[in-house]
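Letters A, B, C and D mark the chains as written, and numbering starts fresh at 1 in each.
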Amino acid sequence: MGQLGSQQTLIEARGISKSFAGVEVLRDVDLHLYRGEIHALLGENGAGKSTFAKILAGVHRPTRGSIALNGDVVEIQNPLAAQRLGITLIHQEPLSFPDLSVAENLVLGRLAGSPWSKVPWKEIEEEAAQLMTLLGVDIDVKRPMRGLSIADQQMVEIARALASDSRLIIMDEPTAPLTPKEVETLFSIARRLRDEGRTIIFISHRLEEVRALCDRVTIFRDGNKVATDTISNLTDADIIRLMIGRSLREYLKKQDAQIGDVALEVKGLTKAGYFKDISFAIRRGEIVGLGGLVGAGRTDVARALFGIAPADKGEILIKGTAVAISDPAVAIDHRVAFVPEDRAIAGIFRTLSVEQNITAAVPEKISNAGIINFSTEHEIATDSIQKLSIRLASMRQPIGELSGGNQQKSILARWLLTDPEILILDEPTRGIDIGVKAEFYDMIGELAASGRAILLISSELPELLALCDRVLVMSEGRITADIPRAEATQESIMHAAVPRSAEVRAS
Amino acid sequence: MLKKTVLAGLALGFGLMASAAMAASNFKVVYIGKNTGNPYFDSITGGFVDACKKIGCEFEFVAPATAEATSQIPFIEAQIQRGVNVIAIAPNSPDAMNQVLDKARAKGILVLTVNGDIVGSEGHRDANILPVDFTKTGPNQVELMGSMIGYKGEIAILSATTEAPDQNTWIAAMKKTLAENPKYKDMKLVATVYGDDQPEKSTTEMEALLSNYPNLVGVIAPTTVGIAAGAQVVKSRGIANKVHVTGLGLPSEMRDFVKDGTVSAFQLWSPYNEGWLAAYFADGVLNGKIKNTVGTKFDVPSLGSITILEKNVMNTQAELTTFDKANIDKFNF
Amino acid sequence: MIGSLLRRREAGILLMIVLFCVFVGILRPRFLTLDQFRIILLLIPLIMIGAMGQMLVIIARHVDLSIGSIQGLAAMLTALMFKFHPEIPWGFGFVVAIGVGLGLGVINGVLVTAFNLPAIIVTLGTLSLYRGLTFIVSNAKQIDRQFVPAALKAMSQDSPTYAVPWIIVIALAVAMATYWFANRTLVGRQIYAMGSNPIAAPLRGIRVNAVTILVFAISGALAGLSGIMYASRWGFVNPSNTGTGFEFQVIAAVVIGGVSINGGVGSVPGVVLGVFLMGCVSAALPLLGIPGTSQAAIYGAVIVIALLIDRSVRMRANAALSSARGRE
Amino acid sequence: MSEAPVGLNSTVSATHRDAAPPRPLWQVIFVRPETLTFVLLVLAIFAGGQLSPYFLDIRYILDSFTLTAELSLLALILTLVIIAGEIDLSPASAMALSACLFAYAMSFDWPMWICVSIGIGSGLIMGAINSALIIGLQLPSIIVTIGTLTLYRGLAQVIAGDKSIRVPEWYIGIDKVQVLGLPAPDLIFILAAIALAFLLGMTVWGRQIYQTGTNETAAIYAGIRTRRIKAVLFLATGVTASIAGMIFISRLGSVRYDLGLGGELQMVLMAMLGGTYIFGGRGTILGTFLAALLLSVISTGMTTANLLPATQLCVLGVLLVLSIIATNFIYSRTQR
């Protein structure tokens, strides 16, 4: 570290741009990566860092620009080509083959030779077992992937990249589901690989991790590269300012709302294997945050509240009355609304019109005796589009043609039409542009101010801190903290989120 | 891209049309077979073709892809629309076509069932042409079987489907003959099984017969698929001299088995003559030379005198033809 | 060790076979003779060969409904060669049949991959197309027994060893080759990987299109092989009978054999046992005096039951998964 | 490129970062699978006239449509099932079984209402079995209905054997009944098409079928009871199959277990050819309606020209493949 001047360039990216369906997500990015460095890519969700990483790994091809490896311009046509060039991407969500054994998952795509050549089972299994020992995890390499915990699958993914003799290893938020011990193991291995002269790209939201591990950092904002520098030259405040363009507190301001009666109360909610003994209450006008690590069971609680995967035990009280929410239609009848985390999977009807997407949850408002009144529908949708300033070319165009932020607004519009008293938002700002994000924060504040009870699930700590009256923290399926606004800090939330019994993992 | 394919399809269609056109003639006759790919109908068609050359009629053979009950209906409809004068048909169902056959007759089309009848719906066709008097098939087959096994021992029947009317007529007659004629008192019918006229199923049934009845000495298979499957089984097991197979078969399919001694003899009639007779009969009726009433007698070249029997049925020959090593090469169907 | 062996799907099928044979054996002791075993063995070679190809296709998360028509067309073209060019050595018929099947399979695979179409619809279309072509090339006429070379027909009777006829030997050889291919070669494992997670497969450098075409090509080639074996077993080739309904028998056998319709799961021993179970059922029906008219209903019921078993296996796997996620 | 002003009261206008530009109106109207079906229909009628001088006769074409009216009726309801993201290959077999039971009941001279109840009831039960397996047990519909396809027809064969069951004379001849110059089966098909088109296009229920097929998870999250919708569709398919069976019997005067054998191919073909998207979420009744006419015209035209039925098999197979290629192509162009 520190002698960057003498470092040799491994990768030189020039003028990389990328558009999806005419929407430009990456603009003219130049970046040099040196041999033997750990390089952090930072930025808000949707800033372009993952897209850039995926271009290096051959998942996407750039619209413009060139990449040189050791000075030679290369075409990275697909992930296989990337792998041949010595570039491996460890995916955010583990991409494994559940029906194949762990050992086979490790070597698949790496085994050389003609497709008809023999599979050396014995060597494969021995090598895999060695890797597991190296990583310090106890996984039987002969068992199928199906049934492994997400953290273990992630470990296999990391082991896979380590196993392949890669010159560039890209880790896209690898630590999110890992325990501190596993993170430490990963870091020590990462450092060792760097010392061997390999290059590692490390994508993370956790500044302390970046600081602990990385040599240099590149910050993306809104599809542009805004800075590249040695980590020690930047303070946390610098980094945050570069990431969001202005300081956080500036544009995140909680509106004052009248806190009223209890709207939603949950007592002892339990679902085996997902969460246990969850109890909390939300009042009208209150925004309650639900924080925690990925996989802590936050979304599962929300899904239970909304009747998608009801809990086994426990009570849900709405305005003081116990209710049985067996499916989402019942939840909607009780004026509960849920904006799900994964828009593409659980939110939009990609090929249907924006209009139809907005009115999907309120069939009774647009119809008379089951027959749709198209002019009413049109009015309602137009009204929503104006209220939320959804930007589109035509209401009849498929929602898939809109940008992520406008899609998300449409989903929010759908739920506002149900006139909910209780609104559950699961990562509402994930993957949307920074400008639209600000609008969302304003809207969430307004919704609370109008007397709604809001449960906000978010992994972005600043978001929780800025918006919420209280923050509940979940860890390993339980609520571990209930922090009032005044006491909430990044540290207090993280402290509660990190599993205490980290060493005794169920396997 | 799609358009091109359609045009290619059209071109193909025109080609087929051109080859189907024939010389001018005094009437149009069509024969609708049970299904395409059935070798049996090739010889019937041969009779039609040759007769039409002599008489000067225009003949076409069509058949659906499957022998399913309703599959012939579109073909009958199309022939009505084409304005043919005679529809000859080997019916796939005894009654599913009644409505459309009535429609054809209402348009003045002569409707003949050839090689099979719509039993129970005779009023929906004009006349029926059968190769032989089917009441004789049963006794003839029993006699042939008896002669092969010395009129003694356990025998079984391997039939087509349980509801095939002709098969059931023959099987009933066989049972009656075995029970009533003292000549056959030592022959014991132990089982009747059905191979659905599928080679696979017929083979399985034949094999089951052999294992269920170890004392079996003979099998009668009055169906072309069944006899071939039965012969194949005894041949492959090398027990042709112990279990004798006979029945109704096509010479073209049975030639090998007869020549290598697996089957010493089997029977059938001439399908060719059915087509021949149908064409001459149609010609006679349409030109007023033959009156389609029971009892009418008329002469047909090379077949001699034909009589219209009860229910307007005609037969091409009196007895079944027996094929054996001596004569099998004389038949080309 | 024994426990894990018993929990395997293959053990379940074996158990079903044993129970079935004991049941039929009690009713009809003759069912348990060596003679009957031979009958069962002779019933299954065609299905076995077809099932090996279909197994690979289903593991890759596709399905091939056209194999019956491929069998028909390959058998027909081979038989036409026998009829019109008797001077060509009969052994060349294998080359023709397999080659034709391979070509037709490649067409399926290319249609599926090039246009990204669902295999079920593509092969439903080619099922119809190939059958139509069979009629056209044969002018809708059957190729009779005398045109099929005696030596070929003899393969269904003559035996290289232990009185096991050639076609059974070929079927077993195909099964063993498939086992080797699926478990021991790189591309074999890629088929499993592709079916297990089609999204991840290309990211791991699996050439999904090439492997998909290969899978359909193998399925087609084996269907072609089954075509010439049809000519050997039954002695003739008929444009409408040959191969009709073959796909349903084969899919039933494969599903019974524990190949998951969700892809990624399935083993050759399981499928071999599944085929054997189908053979037992087919052979037992006439012995039990069950009329042929009930056979279709029984096959249908068997497929539905196999699906239910598949589901219960999957449920158990999922239960294991969620207990692994459990934190108690 | 300039950003649109941000704010709650800003005008609704999109930059190209917010949304792709809309397609021109003419494309929306004309570049759709139904247009292709319609063009093919016109071409097929023209080709039929070229192939045989006997073909171009409106009376004949209308009468010939009665031959496929039952399967076309089933194709309409199958279109809804496919749009909802499932498939049902069993209705042709269900039709055979239900028709055999119905005719069997009639052959005992039982009162008509009992016979009809047996017919419809059996259809309902078969639909219920399908939905129990597919929706209750979450098995894939394609494989389940391949199984029940074999099972239902097998049961029909067990019940009726190989013989045909006749019905009384008075019941025969629905295709001879002319209403407004149309044979009754044609009219039933047209009315059913109008009713289903209305249901699919104008009602909440139809809207939810599309939403279910487009993204079932999102539909569940939006409070749509997708399982109920699908169950109703499978039940409706069963009932429609029994009604189709009754029409079929009246046309034929008798029924056998092999009624409509292989009809599933034709039904799927009609739906595909009409532009129904095999993965669900897209398709129209108009498309299937045109495709049903197209298939009838093709098969009538070729039969009238005395072409080998094998040629028809080839044409059907090629059409099926080409229609999905075209449909996929059009949908991929209209959806980014």
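Here is the rule we go by: a contact is a pair of C-beta atoms (placed from the backbone, for glycine too) under 8 Å apart; a residue touches a chain by one contact, two chains touch by 3 or more.
Everything numeric here is computed off the predicted structure, so don't read it as measured data.
A.B. asks: Can you name the chains that touch subunit B as well as subunit C?
C.D. replies: Expected: D.
A.B. asks: Farthest chain from subunit D, going by mean C-alpha coordinates, please.
C.D. replies: Checked the centroid distances; the maximum from subunit D is A.
A.B. asks: Which whole number of Å gives the spacing of the CA centres of subunit A and subunit B?
C.D. replies: Roughly 73 Å separates the two chain centres.
A.B. asks: How many angstrom between the C-alpha centroids of subunit D and subunit A?
C.D. replies: 42
A.B. asks: Centroid from C-alpha atoms only, then distance subunit B to subunit D, rounded to Å. What do you get?
C.D. replies: 38
A.B. asks: Quick check: how many Å separate the C-alpha centres of subunit C and subunit D?
C.D. replies: 31
A.B. asks: Mind pulling the subunit B residues that touch 2 or more other chains?
C.D. replies: In subunit B, 36, 63, 65-66, 161-162 touch at least two other chains.
A.B. asks: For subunit D, write out the residues touching at least two other chains, lowest number first.
C.D. replies: Within subunit D, the residues that touch at least two other chains are 161-162, 308-313, 315, 318.
A.B. asks: Mark out which residues of subunit A touch at least two other chains, giving numbers and ranges.
C.D. replies: Correct list: empty.
A.B. asks: Could you list each pair of chains that touch one another?
C.D. replies: A-C, A-D, B-C, B-D, C-D
A.B. asks: If you look only at subunit C, which of its residues touch subunit B in the complex?
C.D. replies: Subunit C reaches subunit B through residues 28, 30, 33, 35-36, 39, 43, 131, 135, 138, 140-142, 144-146, 156-157, 234-236, 238-241, 282-283, 285-287, 291-293, 295.
A.B. asks: Which of the residues in subunit C end up touching subunit A in this complex?
C.D. replies: 183-190, 192-193, 195-197, 199-207, 264-265, 317, 320-328
A.B. asks: If we count contacts the way the header does, which residues on subunit B are in touch with subunit D in the complex?
C.D. replies: Listed in rising order, the residues of subunit B that touch subunit D are 1-3, 5-6, 9-10, 12-14, 16-17, 20, 36, 60, 62-66, 68-70, 73-75, 77-78, 81-83, 93-96, 98-99, 161-164.
A.B. asks: Within the complex, which stretch of subunit D touches subunit B?
C.D. replies: 36, 40, 43-44, 47, 50-52, 54-55, 57, 60, 63-64, 67, 161-164, 166, 172-173, 175-176, 251-256, 258-262, 299-300, 302-313, 315, 318, 322, 326
A.B. asks: Applying the document's contact rule, which stretches of subunit D touch subunit A when the two form their complex?
C.D. replies: So the residues of subunit D touching subunit A come out as 3-4, 6-10, 12-23, 28, 202-205, 207-208, 210-211, 214-215, 217-225, 281-282, 331, 334-336.
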